[in-house]
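Okay, so subunit A shows up in both of these, paired with subunit B first and subunit C after.
== the complex of A and B ==
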């Protein structure tokens, strides 16, 4: 890779062809100030802060866009450059409202930091005082054009990473502004997905998030903790800022990862908002229509007495959230399954997961890993969305689909019973009711791809043509399909026929809804849907309080005679169902591992220490076992490990006949 | 070409814009000629037309809007029946055309480049109309009016408005 050599500020640097001067300098710890440049986004060289002098070239060159060349002699810190940069800053300050004392981002602002760094003690130009509007129409995001320096970071992140391309520039010269869609206010935009990425990259106080302003500047925060978001199966990496013991701000982590450091609306708002919810801080026991606080000893004694008799009668069950960590799932599974020998253990998304597992089975039997990391959507040249609504199920995957389609010009096909979730960018859109019509559509598409009869309907014929020509198609399967395992199998058949082969498995991205669905497969997902059928005397529920419970679980809780709810938040209606409430640590107080769809086991770190009278899950389970005269057994199932391990390369997959499966 | 800003129906858009979209489908770097053709077809750049074309060709609507607002040659409103071209050249400027412009904006209730609600006048400022001896000058449609004051300019427009058939 070191095929060229250049000298920057007297330091000899090696670089690869195609590297920019800025990249080489950064790698060699040589500081060049930047403003519009941002890691992971296309450099545009518009702010001119990164100008450098190259010997033999009379012009000043922008380091972020100029490729490094062999033998270049570059100076980054001359007096001339300092004056130029200072002048640029003064012009920016004179242009709009950059009076820091009135700005929520003061202290966090990159423009302000650069001004201080360059010793800007005055502005030699008259201030324009041009009044621009302050767009406060969006419930979460505020866009004050008076503070904008037109660095275009928001436009680039919105187009290149989120794929929404809501933002762009309007007009020109002094009147240039960021605008949404066709000159709309941000709150009226119909393409904005409310992910807040624009605010995360904004270097000034132009785009701010109401939830985070005035809760602590990044620099003032006591701690920054890297963790992951548990809300969907992608497990996006996050950085949480802690101030006075609470989470003050949540941001996406890595600009270099495929997601470009974005978070979706769920992560961006759901995570920080949950820190303000009512907490359960001590065990509570129901007395009539209300609860009274109890000691752990009393609560566990009560639970043990109910559990003991119920489990002897085979009328005890446990229901767990798939947002729990591997470690939590292991402990709970070791207690209920291996110590209590109960078979009635399941997850909230149990039915969906069983559906997927059943549909995947014929391919798992072939030793094939039946899915691939969602980021591979970015590598694909044809995307087929089947009965999915990625913008709800795994929103960052929806970003991948939009970016791939709009920027990389991948073909996009939608097969769904209802509305097309990617209306406007699909190349073929097919309506098919589940399950019968959808099965016919999938089968006839597969036959056409395999060289069978060409479908007559134009959208079908177009889809078949796209799939025949595609080099790396990818299939996004919605959770609605899991209600009909044969459809999952048929979708995978289509993937095999279209040669959707990726290095880590078959080119299929299932929309598993919970953060740790894959980890739950081995540990807590039951063989059948006992929850809907059983009349229970005892039901233990472990909730994270981050996802609303579905009808199936709430009904089961209503039917059960005695319900223990273990949850961090006072979540209704869950709390109303409980006979005993046990406090649990919230997502920001826990640590452990998640088995993500991206094929990585990612670590969730404790962001703030747990508050209240809490006990660790393993201590609770151990004490319960003791009270029942048992000893906690080691878990027989390891979460995550060997879940759909690839024993053979995906290219060796073959289609299966549904008759065979049934 | 003039036309009213009445809402366009879906089938209107399809018959007028689909042939145009087909001409540009699958090509790159097309935004400016595409917008120019749209303006030729529709008389102006209609937001609904942009939305339609953007979806048809998978171009982000915001990008097309950005280009349409950047270039002065694109109109986002239909042109009025009479284009009022007020000269802002040197001679007219010296003779106070700026005040005339302000008065016209106030009187018509529009900014420069916009069309009045009744669709009668579009106000434009232009560089020179070539009759500096009559400064300050404005053209209303094809007719030139010289030696104006703010009051006279308003009278000219009102006379035109009064001459309209009911």
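== the complex of A and C ==
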């Protein structure tokens, strides 16, 4: 790769052709100030802070956009450059309202940091005092144009990473502004997905998030902890900022990862908002319509007495959240399955997961990993969305789909019963009711791709043509498909016929809502849906309180005679169902692993220490076993990384007959 | 020659910079051994004598402030602009985004808590507003800029120490702040 050599500030640097001067300098620890530049976004050289002098060239060149050339002699720290940069900063300060004393972002501001770094102790230019509007129409995101320096980071992240392309520029010259949807207020935007990426990248106080502004600036925070978001199986990496023992803000982590450091609206707001909710801090036992605080000893004795008799009668069950860590699921599974020998164990998303498992099975039997990491959508040249609403189910996957379609020019086909979730950017949109019509559509498409009769309907014909020509198609299948396992299988058949073969598995991305759905498959998901018909004497519920419970689970809890709810938050209606409440650590107080769709076992780290009178799950299960005269057995479940392990390359997959799943 | 004299004035600002000056704590004893504080908000002397060092806290927002700034400039050898208001205009600049008349009306008539049925605006009894609040160096020459809201006590002390050593200081970047 080191095919060229250049000298920067007297240091000989080796670089590859195509590297920019800035990239080479950073790799060699040579500091060049930047403002509009941001890792992972297209460099535009608009702010001119990164100007450098190149010997033999009379002009100053922007390091972020100028390709490094062999033999270049570059100076980055001359007096002339320092004066130019200072002048740029003074002009920026004079242009709009950059008075730090009444800005919420002071201390976090990159413009401020650079000005201080350059010793800007005055502004030599007349201040313009031109009033711009302050767009406070969005419930979460505040956009104060008076503080904007037009670095266009927000526009670029919105277009290049989120794929929403909500933001753009309006007007010209001094009046240039950021605008949403070609001239709307942000709150009125139809395209904004409320992910907050624009605020994460904003170097000044222009775009701020109401929730985070007064919880503490980044530089007020005592600690930063890297962890992952537990809300869906993409397991996006997050950085949590801690201030006085609580989570002050959550941001996406790395601009270099496929997601570009973005988070979806659920992660960005849902995670920090949850820290404000009422916590359960001690075991509670129901007395009539209310609860009284109890000791762990008393609560566990009560639970053991109810569980003992109920499990002997086969009328005890356990319902666990797929947002729990692998370690937690493993401990609970070892207690209920291996120690208590109970078969009534399931997850909140049990039915959806069983549907997927059943649909995947014929391919798993072939040794094929029946899905691929969602980030592969970015590598794909044709995307087929089947019965899915990615913006709801796994919003970052929706970003991948938009970016791939709009920027990388991948073809996008939507097959759904209802509204097209990608209206406006699809190449073909087909309505098909589930399951019957959808099955016909999938079969007819597969036959056409395999060289069978061409479908007459234009959208179908176009879809078949796209899939025949596609080199790396990806199939995004929604959780609605899991209600009909044969449709899952047929979608996978279409993937095989279209040669959707990726290194890690078949080019299928299932929309799994729980963060550790894959980890739950081998630990807690039962063979059948016992919960829907259950008449239980005892039901243990492990909840993370982060997603609403579905009707099936709530009804089962209502029917059960004795319900133990183990949860971090006083969440309703869950709490109303409980006879005993056990406090659990919240997502920011736990550590453990999640098996993500991306094929990695990602670690969730403890962000702040647990509060309240908590006990570890393994201690609780061990004590319960002891009270029942049993010894906690080691978990028999295989580690989750073995679930759907690829034993054969995806290229060896063959289509299967639907009879195998019916 | 006696001790060098210092005069300071609190113009359109919150007095925070003078407070921050007092935060140099016991070092003030040492400083007072070397300099004489003349007219300052601390000594409550109103008229500036001829001094070596003049200090202005605050922006210039009305005729009186403009006059005082010019007067102090004439009577001092080195003029220091203390704090964001004096250096950049600071919080006073919020009104520059509106016409001065509208600002007066907002403050004296339109605010919900104001009882002023006749809509009387201050005329002779208060100094006239300048069209805009301006940083000190827009009216008079400034020799030393000390930004910060307020500047840290250490920064203020550093600036005086440097001047006493016969140097005209600039605030080093590691102690400079704007908030």
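List of remarks:
One rule holds in what follows: the second predicted complex is superposed on the first by the 659 of 662 C-alpha atoms of A that agree within 3 Å, B and C clash if a C-alpha of one lies under 4 Å from a C-alpha of the other, contacts with A are read in each partner's own complex, and residues count from 1 in each chain.
Please note the rule applied: contacts are C-beta pairs under 8 Å (C-beta built on N, C-alpha and C of every residue); 3 or more make two chains touch, one makes a residue touch a chain.
Please read all numbers here as calculations on a predicted model, not as lab measurements.
Contacts of A:115 after superposition: subunit C is touched, whereas subunit B is not reached. Judged by the touch definition given at the top, the superposed model places A:127 against subunit C, while subunit B stays out of reach. By the touch criterion stated above, A:106 is placed in contact with subunit C alone, subunit B being left untouched.
Within the superposed three-chain model, A:93 lies in touch with subunit C and out of touch with subunit B [touch as defined at top]. Residue contacts after overlaying the shared chain place A:166 against subunit B, while subunit C stays out of touching range. Across the two superposed structures, the residue set of subunit A contacted by subunit B and also by subunit C is empty. Residue ranges of subunit C in contact with subunit A, taken from their complex: 81, 84, 87-91, 93-94, 96-98, 132, 135, 137, 142, 145-147, 149, 170-173, 176-179.
Against subunit A, in their complex, subunit B makes its touches with residues 47, 50-51, 54-55, 58, 60-63, 65-66, 69-70. Taken together, the subunit A residues at the contact with subunit C in this complex read 93, 97, 99-103, 106-107, 112, 115-119, 121-123, 127, 129-131, 146.
Considering their complex, residues 159, 165-172, 179-183, 191, 405-406, 409, 423-425 of subunit A touch subunit B.
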